[in-house]
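Paired with subunit B in one complex and with subunit C in the other, subunit A is shared by the two complexes that follow.
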Partner chain A sequence: MRSGSLEFKIAKINLSKRSVDVEVSPRSDFDLYLGGRGLNAKLLFEGQTAGVDPFGPDNLIIFGTGKLVGMPAPTAGQVTITSKSPATGLYFKANTGGAWARCLRRAGWDAVVVSGVSEEPVFVVIDDETIQIRDASPVWGKTVRETDAHIKNELGGTGWDLASIGPAGENLVRFACVMTSLYHAAGRGGLGAVMGSKKLKAIAVRGSGETFVADRKSFQDEVLSILAKIEKSVKAKLYVDYGTAATIEMANEGYSLPVMNFRKNRLEGGHRLGGTYLVEKGYMTNGAACSACPLACHKFHQVKEGPYKGVSGGPEYETLAALGIGCCVTDTEAVLKGNELCNDLGLDTISAGGVIQWLLESVERGVVPPEIGEGLNLSWGDGAAMVELLKRIAYRQGVGDLLAEGTKRLSEKFGGDSWKWAVQANGLEQSRVDIRVAKAYALAFAVNPRGPDHLHAQPMTEFARFPEAVELFKQLLGKEELPPATSTEGKPELVRWHEDVFAVTDALGICSFATTSSYIVSVSSICRLIKAGLGVNLNEQQLLNIGRRIVVLERMFNLRENPERMDTLPFRLMKEPISEGPHKGQVNSESELRDMLRKYYRLQGYDPETGQPTREVLSSLGLIPDVKGIEDVVAT
Partner chain B sequence: MDIEVRLYHGLNKHLPCGDQQYSQKFEIASGSTAGRILTELGLTENEGVVIFVNGRNVEWEYVLEPGDVLVATRPAGGG
Partner chain C sequence: MNKTLLVDLTKCTGCEACVDACSGRMTSQYSDRQSKVQIRKDELRTVFIPLLCENCAQHPCVEACPVEAIRYNERKDILEVVDADCTGCGACAEVCPYQGIVVISEKAQKCDLCEGDPLCVKFCYPGAIRWVEVDSDSVLADLRSKTRKLEELRGEHEIWKS
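Showing the complex of A and B:
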């Protein structure tokens, strides 16, 4: 079976038994879930029961690619990694680019499911059909770059790509990442720590298979059409020229950039971390694009001399905002060193910035003694302290051992009112968007099964700042006059559409920057790619239904884990209005959120009070009877 | 009246103060719009520019007041 098949070839690796089994899932799984994130969700739901320890042998970690990966479909180079999160204790998926996904597909695999716990450090080698489990003792304790170099040298030859962890994952930091192609992070909820708990240092893969395209001429026509849209897109040009770092200037000047743990919204000198400054001062250069990606948003950065000398991938907006702006650090080179360290140590930059900001505020308010820093200056704006704290977190040294637990557990430990400035919900630190001035984002964050961040639905259209966004906004709301971002009007509808499309995007292995961020690749365009690439006829509504099915299945996982889990937002963003600037007074009140949630639940066919999907919804989506055990989770 | 203009994302090449600068103060005629000032600097309305005045997202026709900070960026997003 090669890439043209609509079945899924799955490698099931048990590290406790050191066994490898091969399973082929039926074509119906493609029809219902497409693959990637969708298939992962089903495999995770059926593959483990409620209550498993995220660090235990029964927690699966699943790597799944989409059926368009390996084809020259624009941006189709993504892999979704899914597991139960050690940060939240809930469902978690993270998506990353680079070349790993393409290598896996070319090796003939759609997904890799890892269970068990190895007694000794190991890495997995996938070389086309062959899968081996090898000793990773020589690289245990090494950084991502050191690991990459060592394993590639050991394997020899060319064409290898690695998904690996750094010391943060080994040390079970609850926000450790899995890194692919050195610099691409599957970040947020601690998937790197799940790998670390299994003593799994890396999965190296290479593949030599050919990609089967059903109708090459039609496929090429659609690709050319997408490329023509990219050529005209202002947003795409910005990705190419500055990467996501360009968002810093816009958010800072628009007073929507979280500063000092979300207490202010603009930082004087913040432009020193913006894409314009990084490029013009020679810090940031064009990097290696992910497989098949013409947007090429991924950059490299370099600091040529001094204490922060170094080279790495990125940085992205969220990193600059979390490690820099949020901590009031405008020392460009210190923030770039922070980014390099996070890549090498395998740390999620958003949560790392979140815990550091919690610490700085807690010291400022006298909840945590300053001596805890053991010589570090724990006040706002100290770049050297921020850099040192990252190392201590990854190696769990001193205060770093506490920070490695995340803000929810930190605030529970230190007590007082410190939970009020732990800017997290359901155990996940919020990403760097001030949702008090963006109500679709607020709703999207609240209903995100991961917790409050932007990679479940990114309703960029609510800002209506570029032609494709304006057009979509009008289409979805059926209006010429568009409500502002601070209005809740129409936002449940926007979120629903973005959730569905985001899920389909992930399931096929394409990048959300092409779909729900820039709106270059439309839903109809995805249908044409599927038809030409895979020979399957799906209309737009059928495709959106698949997205909905994935979103609901993920929600059901969380319902099974914790029926008390609420769709909510961080306390600070619901109780503390913006204190100054043009958006002074804006807040996400509980009543406002509840109102949006009710409307959203009704749209979904959920119980409008509890937000639980009903039996009717599960049946209409085919989750009943397809997913084993799901019926038991529905309220009777 | 005096205003400050800040330009980013390559738009800053239109500032008379020179390369790799992002901000410049100008004396402008009363009643000037954001669009007029940006046009005089060489920007055009159809090149996908996002405009802020004192942090608020405004349209091309916005009438400027003394002391305003006028910002033009490209429509960034994602991270």
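Showing the complex of A and C:
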């Protein structure tokens, strides 16, 4: 079977048994879940039971690419990695680009499922249809770049790409990430630590095969029409010129950037971490695209000399905001070094910034003694301390060993009121969006099965900042007058659409920056890509329905895992209003959130009080009877 | 007027859309092997280089071919490999300074410039591959700078040798 098929070819690797099995899933899985994140969700739900130890042999880590990957569909270069998170103990999917997904598809595989735990460090080699498990002891303890160089040298030839972990993953840091193409991160949820617990250092892949296209002429026309749309898009242009870093200045000047652990909203000198500054000063250089992506929002950066001399990929908005703005560090070069270290050691920058800010505030408030820093100045704005803390976290040295557990466990350990400034919910540090000024984002963060972050739904349209967003907003609300971002009006509808589209996006292996966020790839355009690329007729409603099915299935995993889990937000954002600027007084109050949740649950057909999907919803989406065991989870 | 595919190294983002455009132009499959454009990637040193026939004026491939299988087309503006004559010895591929010739199924294959309307150029959103007239010294200087960069990288790192 080659990549033109609508079945899924899945490699099942058990590291305890050192076995590799090949499975082909039925065509119905494509019709119901499309692939990627959708297929992963089903495989994870059916592949494990509740209560599995995230670090144990029964936890699966699944790498799934979409059917559009391997074709030049703009942004089709993504892989979704799915597992049970050691940070949250719940469902987790994280996605990354680079060239890894394309290589996997060209090797003829749609997904790789890894189970078991190896006794010795290993790496997996996928060379077209051949899969080997090899000794990784020479690279155990090495950084991502060292590992990449060593393994590519050992394998020889060209065309290899690695998904690997750094020392943070090996040391089971609960927010260690998986890196692809050196600098692209499946950042959140500690999936790198899941690999580390399995003693799996890397998966190297190359593919010399082909991806079949159903109607190459129509496909080509659709690609060229999307490229023409990018040309006219303001938001896409920002990605092209500055990457996600473009947003820093705007958010800082608009008092909507979380500063000092979400206590302030604008940082003096914050522009030194903005996209224009980074480009003008020569820090941010050329683009480093994921496969088939015209935007190349991911960049390279360099510091030419001095103590922070170095080169890496990025930096992203979230990194600049977490390690820089949040910690009040405006020293550009220190923040770039922080980013380089996180890439190389395999640390999620968002949670790393989150734990450091929690530490600084805890020292400030006297809950944690300053001596814990063993010589480091643990006060706001010290770039050198931030950089040093990252190393200590990855290697679990001194205070780093504590920080590696994440803010929820930290605050439980240190007690007092410190849980109040652990800006997390359900075990995940919130990403750097001040949702007190954006109520669709607030709802999206609350219902996100990962926890409060931006990569479940990106309802960028609520800011109505550019024509594509305004148009969509009007369409979804069915009216011309648009409520502001701080209003809850219409936000449940907005979130729902974005969730569904985001799920479809991940399932096909394209990028949410294209389908949401910049809205350059519309739902109808996705339908045309599927028709021309795969020869399948799906209308917009059918497509969104698949997205909904994926969203509900992920929710069911969490319901099975922990029926007590609540759709909620970090305590600070629900209790402490914004203290300055035009949004002063805005807060995510409990009643406001509850109100939005009720409306959202009703739209979804969930129980309006508990938020649990009903049997009727599961049946109408076909999850009953398709997913084994799902019926047992639903309330009778 | 002689036209060429001009590669701007500073603009290539390594997305490989050009590779897919090339392989998918005549067949219904995208494949690196079937593409006459390749991207060499070196993320460690933050560089991506599109490798393709640049229709250069020096054309060492022509001189290297022992059976004179590389000849100008009828319009005398594009060098083509004449399949019937090619023995697949690979001598042309070895001398090409741009690594623009690949041997596939025992035949040398190179870019034929899509009959004067290269598809890779349309797929290259960042504008790293442009289709320009060789009408000035600056164009030639750009071409030479790429050759130099390739030489430099070849000397430094294993992956450039293959």
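Here is the rule we use: the second predicted complex is superposed on the first by the 636 of 636 C-alpha atoms of A that agree within 3 Å, B and C clash if a C-alpha of one lies under 4 Å from a C-alpha of the other, contacts with A are read in each partner's own complex, and residues count from 1 in each chain.
Going forward, contacts are C-beta pairs under 8 Å (C-beta built on N, C-alpha and C of every residue); 3 or more make two chains touch, one makes a residue touch a chain.
Fair warning: this is a prediction, and the values are worked out from it, not measured in the lab.
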| item | value |
| --- | --- |
| Joint occupancy of subunit A by subunit B and subunit C, clash or fit | fit |
| Subunit B versus subunit C as contact partner of A:254, first or second or both or neither | first |
| Partner chain(s) touched by A:71 [first = subunit B, second = subunit C, both, neither] | second |
| First (subunit B), second (subunit C), both or neither touched by A:210 | second |
| First (subunit B), second (subunit C), both or neither touched by A:432 | first |
| Which superposed partner A:285 touches (first subunit B, second subunit C, both, neither) | second |
| First, second, both or neither for A:246, with subunit B first and subunit C second | first |
| Superposed model, angle subtended at subunit A by subunit C and subunit B (C-alpha, nearest 10 degrees) | 80 |
| Subunit B versus subunit C as contact partner of A:271, first or second or both or neither | first |
| Partner chain(s) touched by A:59 [first = subunit B, second = subunit C, both, neither] | neither |
| Smallest separation of CA atoms, subunit C relative to subunit B, angstrom | 18 |
| Set of subunit A residues, in rising order, touched by both subunit B and subunit C | none |
| Parts of subunit A lying in touch with subunit C, wherever the complex brings them together | 4, 70-72, 74, 77, 99, 102, 106, 145, 148-149, 152-153, 157-159, 181-183, 208-214, 216, 219-220, 223-224, 227, 230, 240, 285-296, 300, 302, 311, 313 |
| Residue ranges of subunit B in contact with subunit A within the complex | 6, 8-10, 12, 19-20, 22, 47-48, 50, 52, 54-57, 71, 73-79 |
| Residue ranges of subunit A in contact with subunit B within the complex | 234-235, 237-239, 241-242, 244, 246-247, 249-251, 253-255, 266, 271, 274-277, 280-281, 297, 316-318, 321, 431-432, 454, 458, 460, 463, 465-467, 469, 513, 517-518, 581-583 |
| Residue numbers on subunit C that touch subunit A, as the complex places them | 10-17, 20-21, 23-24, 27-34, 40-41, 43-46, 48, 119, 122-123, 125-126, 158-159, 162 |
